[in-house]
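The data blocks that follow each hold one structure.
Shared chain: subunit A. Partners: subunit B in the first complex, subunit C in the second.
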Partner chain A sequence: MYPTSLFFDILLGGIILGALYSLISLGLNLQFGVTKVLNVAHGEFMIIASYLSYVFFTSFKMDPFFSLLIILPFFFFIGFALERGLFGRLFLRLSVDEAVSISLLMCFGLMFIIQNVLMLIFGRTEKSYEYFSQTVDIAGAIFPLNRIIVGVAGVVLNFAIYNFLTFTQPGRALRASIMEPIGAQLVGINISKLRSYALGLGLIASGLAGMLISMFYAITPYSGSVYTIIALIVIILGGFGSMLGSILGGITLGFVSYVTMRFMSSTLVLVVFYAIFLLILLIRPQGLFRR
Partner chain B sequence: MKRLASSLFLIMILLAMLISPFMLGDYLTAMLFLIFTYVILTVSWWFFCSTTKYVSLGTAAFVGLGAYITALFCRPLSVPLAILLGGCITFLVAFAIGLVTLRLKGVYFTIFTFGLSEFLSNAILWYENIYVGTIGRIVPSLDVRTLYYAQLAFLLLSLLFIKLTLRTKIGLALKAIGESEDTAIHCGVNHVFYKSLGFAISSMLMGIAGGLLAIRWAYIDPRIIFNPLFSFQPPVMATLGGVSTFYGPILGAIVLSSLSEYLSLQLKEYYMIFFGIIIIVVIYLMPGGVSQLITIRRKGQAIK
Partner chain C sequence: MRSRSAVTKVGALVVVVVIIIAAIGGYYAGTLAPAVKEVTTTVERTVTTTTTLAPGAPYTTTVTVTAPPATVTTTVTSTVTTTTPTTPTTTSTLPPKDKFVIGYACSLTGAYAADDLPKQKTVYDILVEEWNAKGGIYLPEYGKKVPIEVKIEDAKSDIETYIRLLEKFITVDKVDWLFSVYGTAAHFAVVPVLEKYKYPMITLTAMSDKISDMIYRGEAHYLYSLQRNAKQTAADVADFIQYIVKETGLKNIGVIYITELFGLEGASALRVALYDRKLTPVVYEGYPIGITDLSPLIKKLKDANVEIFAIFSYPGDTILFMKQAKELGFSPKIWIGNMVVDTPLVAIPNFGKEALTGIIIMWGFEAYDKPFSRDFAEKYKARTGYYPSPHQISLYMAYNIAFSLIEKYGLNREKIAQILWTETFDTPLGKARFDPERGFVWETRGALAQWQGGDKLEVIWPLNVATAKWIFKPPWPS
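Right after this comes the complex of A and B.
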């Protein structure tokens, strides 16, 4: 392999995985930042979206991007309902510390339910579908076309979400309530309303990521929790509450994981992530990219 | 009088536990073994996490580590020595992890421990793939009754150990950290050391329980012993039982592990759905756990 094609191989592979990781962790970071619910079922929600786009594609021949029209409103509604029905009331009744650990346990409950309902419906076997699986040659680096689509879509979506959070009024309100919950309330932001939007938006991000993943990975009911762990490590890397940190951290980990998979072994990826995690905790616990 | 009654009650339970393997069949004995395991895991989780309010989700990692070390060393050493060695190594590993991660606020610790078992299982899988060639390991097994008594002895010892440790300087330091960490630091409590020590003690008990589990199962591989369920069950069981008392976690572990054993028998692999629903509903209705309800009722009677 020529050095230039190797360069493009690593560049593209890293960006594709990285865009995906940042998308997942943006959602989780937003959810945790605003609501203080550490949603460990985040990866499981993502896998629901993967299964939905799989079903729409195989049974109705529906394009995965088109199926987003159904998945995203549905996911937003789930997030909204979860906050209204479950978490919101917990945070009203209990002190913050208690509510954080109890909502964490509830998310475990959700995780078990989702995993095993998916098991019940789809079984243990891996599911995947063929979507633009022909290969393309980009300066000597050979990729299936669907990965390129995922990479482009991932970058665009990250950009869109980041701009939404930085430049629009609702986005500013969300970030304000992450940084200064009390101050945000003082300037007239309705936090309890915002919490449900934050959970819904976080789920929209996981729905997008799940749809993208179903295009090029085979999925099983249990493949979600690894993505939760990755998202959490990305958040630590970028800093809690920092959206730009999540994006940069996701890209960094994307490159690390692609290089590890490409040149070493895919079972080693999590081991390397943990080494990075420990290193960050030792050197810069507030996150690499946090101001 | 009341004290006498409760100690009589305890002695009765102890006697029942001593003779039960002769009265019950092998299946029920094995089930009791599993329940004991969960009681140990839950109480040792409670010992560190409820006193300091640092939520750990890494129980599976230490259970798995203890089990794996037992499997590695039970042939060169004898079985009890291998289990103890597993306990010692988990103690050291947990102490080192504590020194690194417990300097930070609680969320970092929770997140770190959440992925720890996945990390260890991947590391061991990778190691065995490259350097050993086979993945699982066969462990010399003992019969159920012997294991039952071993686990019973370990259960009683660890309960006693935890109860006594909570009264020593270590327990006081941990409680002070849980009440208000900043105040504890100002009073001169070496918080990183005591947190790491408490975490290491609780992990050591988990590691020994894991070693006993490995002997019980007779075969282990990273996918089985690093089962994430071991991480999730102890906090759920402790919360259901109520974390404010010593008996709460024990009660929660007994009730929930027998319930999940029963459900898994009735509903095969789909019992986890019901388990999830139970967790959400029960925690939502009583976040303080069952034992809190009992104490509230007692207080109510006292007022009358």
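Right after this comes the complex of A and C.
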């Protein structure tokens, strides 16, 4: 491979993977930042979205992007309902520390429930569909078109979510409740209401990521946990509660992952992931991008 | 005088102990072994009592031994009960039995599920149904046939769970037999359980040099792999590659593998086997379990212009690799794989016959051209909609042999385990036997099979047992 095409291959490969990782971690970070619920079933929610895209595409010939019109409101509603019916009540009745621990256990429970329900409905074998799988040559770097779409969509969605959180009133309120929960309440932000929106928005991000991965990965009911782990590593890299950290952390990890596989060995990807994870915890436990 | 008397007393005591042990041992041996009309008791070669009993008659055996200066009398009482006069059965100490229970730790969920269920469970289902349709399995201890019942539990593709489930099956559920677990690593892990409780396990999904070594060292008496070990498989694959290089001039070889026992052993054995044949892979690389993106590795293979490609993979990553290879247009002329592509029930729905064409699998044991294989293949197809893989036929045959041994030797699993290693069996496919390295072997067994556009895989290697000539893999269908 020529140096220019290799350069473009790494640049695009890193951006595609990074944009996806960012989107995956953004949802989890938002949920945890505002609600203090460490949703370890995050990956499973993504997989629900992947299965829905799969069903809409294979059974109704519906474009995956078009299926978002159904998936996203549905996910927002689930997040909203979970916070109102489950986690919110917990945080009202118990101390924060107790509620954090118990909500974590609840999320583990949710994870197993989702996995098994998906298994009952869709079976155990991998499901996938072909969506724009023809290849595109960009300056000698070859990528399937669906990856380019995922990369572009990932960048646009990350940008949109970041702008929403930075420049809109509800977004600012969400960030304020992450950074200064007590101060936010003092200036009139209704934290209890915001918690429900945060979980709903977090699940919307999972839904988007789930739809995107269904376009080029095969899915099983058990595929989700890998993405939860990736999201956690990205969040630790970027900093808990830092949305910009999630985006930059995701892109960093995407590049590291792609370069490791391209120049070193695929075997080393997880080793590098966990090495970064440990290094960040040792050197900068608050994350690279959190002030 | 005193010391002489002491010696005599000790001698007498030894004789007493020996006689008691012999008598008790004889009694238990009598209750376990198939009952016969004659009851013979032998003590220290000096006293022999022979009694002929009518079926149903209670009997008492009294053995009197005089060993100066002591006199010992041992009395054993039992009852002969039988249903037929020719083969009376002693049931006084046997627990009642109305079914033959098989424990099956199956990966109903998790990474192995996609392959375990179609590869093993479908075969076991047919097997059990067939035997139950014949009235069940005959247990000579009980002198009757009992239905087979399979107790299945989800091992969740987790090795620790496999171990715990097997121990539970054996110690709590008291199962009579075990169906195999899934995957090389899981088999390696359950060997100590099989050894501890002396339960034989015949399996299709273990391919390991380490397990062969354990068998040779006497540490794994109870595991019978139908597969060749990694070294033997690699030798067959390397022979084929050498032949292809010589015949076609293709030279760039790529080998990739999952970093799990199966992949590590298989790929490294292949590298050594290729080296022995003066061939060196241009790409030799592993990837971890749970990987979500293999496209950088595929690009490496493409950049290296790999023409002969071998992959040691597990179900999830096989599907991911095939999908991404197709997208990126990586289509080497020779493609040798294993999991998923070896089982039509999984391969055809996932990839379609056109995309599978040209793909070779590492275990093309049996062709479908013999009556036995054909019958089983049709039964399997009627049940699942697809033909079995060539090595599933060997699984079906091996379990039929094991069940026949149970009908002969009953629940004496140790005896059956010994016979499985030592005897050659007359099978519908010829004389077959278990070998620690070569697995379950019979004269016409193949080594590699290939998809050639049809519903079934064709055996292509070795050439003398091939059912079709090998073909190049065509480019992926658009």
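As a convention for this text, the second predicted complex is superposed on the first by the 285 of 291 C-alpha atoms of A that agree within 3 Å, B and C clash if a C-alpha of one lies under 4 Å from a C-alpha of the other, contacts with A are read in each partner's own complex, and residues count from 1 in each chain.
Just so it is clear, a residue touches a chain if its C-beta (ideal position, glycine included) is under 8 Å from a C-beta of that chain, and two chains touch if they have at least 3 such contacts.
Quick caveat, the model's predicted, so the values are computed rather than measured.
> Clash or fit: subunit B against subunit C, after overlaying the two structures on subunit A?
clash
> Check whether A:8 is in contact with subunit B, with subunit C, with both or with neither, and answer first, second, both or neither.
So A:8 meets neither subunit B nor subunit C here.
> Quick check on the superposed pair: does A:56 touch subunit B, subunit C, both, or neither? Answer first, second, both or neither.
In the superposition, A:56 contacts neither subunit B nor subunit C.
> Is A:261 touching anything from subunit B or subunit C once the two structures are fitted on A? First, second, both or neither.
The second partner, subunit C, only.
> Thinking of the overlay built on chain A, is A:232 touched by subunit B (first), by subunit C (second), by both, or by neither?
first
> Of the two partner chains, subunit B (first) and subunit C (second), which one does A:285 touch, if any: first, second, both, or neither?
First partner only.
> Let me test your reading of the model: by the given contact rule, A:142 touches which partner, first (subunit B), second (subunit C), both or neither?
second
> Based on the superposed arrangement, let me know which partner A:94 touches: subunit B (first), subunit C (second), both, or neither?
A:94 contacts subunit B only, not subunit C.
> For A:113, decide between first (touching subunit B), second (touching subunit C), both and neither.
After superposing on A, A:113 lies in contact with subunit B but is clear of subunit C.
> According to the stated criteria, A:216 is in contact with first (subunit B), second (subunit C), both, or neither; which is it?
Once the two structures are laid over each other on A, A:216 reaches subunit C alone.
> According to the contact criterion defined above, which of subunit B and subunit C contacts more residues of subunit A?
For subunit A, the partner with the higher number of touched residues is B.
> Looking only at the overlay on chain A, choose which of 185-193, 239-247 or 311-319 in subunit C hits subunit B.
185-193
> Subunit A residues touched by both subunit B and subunit C?
115-116, 119, 226, 265, 267, 269-270
> Inside the complex, what are the residues of subunit C that reach subunit A?
Listed in rising order, the residues of subunit C that touch subunit A are 108-111, 113-114, 117, 259, 285-288, 290-297, 299-300, 303, 315-316, 319-320, 323-324, 326-329, 346, 349-350.
> Spell out the part of subunit B that touches subunit A in their complex, as residue ranges.
Its residues touching subunit A are 53, 55, 100-101, 103-104, 107-108, 110-112, 114-116, 118-119, 122-123, 125-126, 129-130, 228, 232, 235-236, 239, 269-270, 272-273, 275-280, 283-284, 287.
> Within the complex, which stretch of subunit A touches subunit C?
Subunit A reaches subunit C through residues 1, 9, 13, 17, 115-116, 119, 124-126, 128, 133, 135, 142, 144, 146-147, 213, 216-218, 220-222, 226-227, 257-258, 261-262, 265-267, 269-270.
> Along subunit A, where are the residues that touch subunit B in the complex?
38, 40, 86, 90, 93-94, 97-98, 101-102, 104-106, 108-113, 115-117, 119-120, 225-226, 228-229, 232-233, 235-236, 240, 265, 267-271, 273-274, 277-278, 281-282, 285
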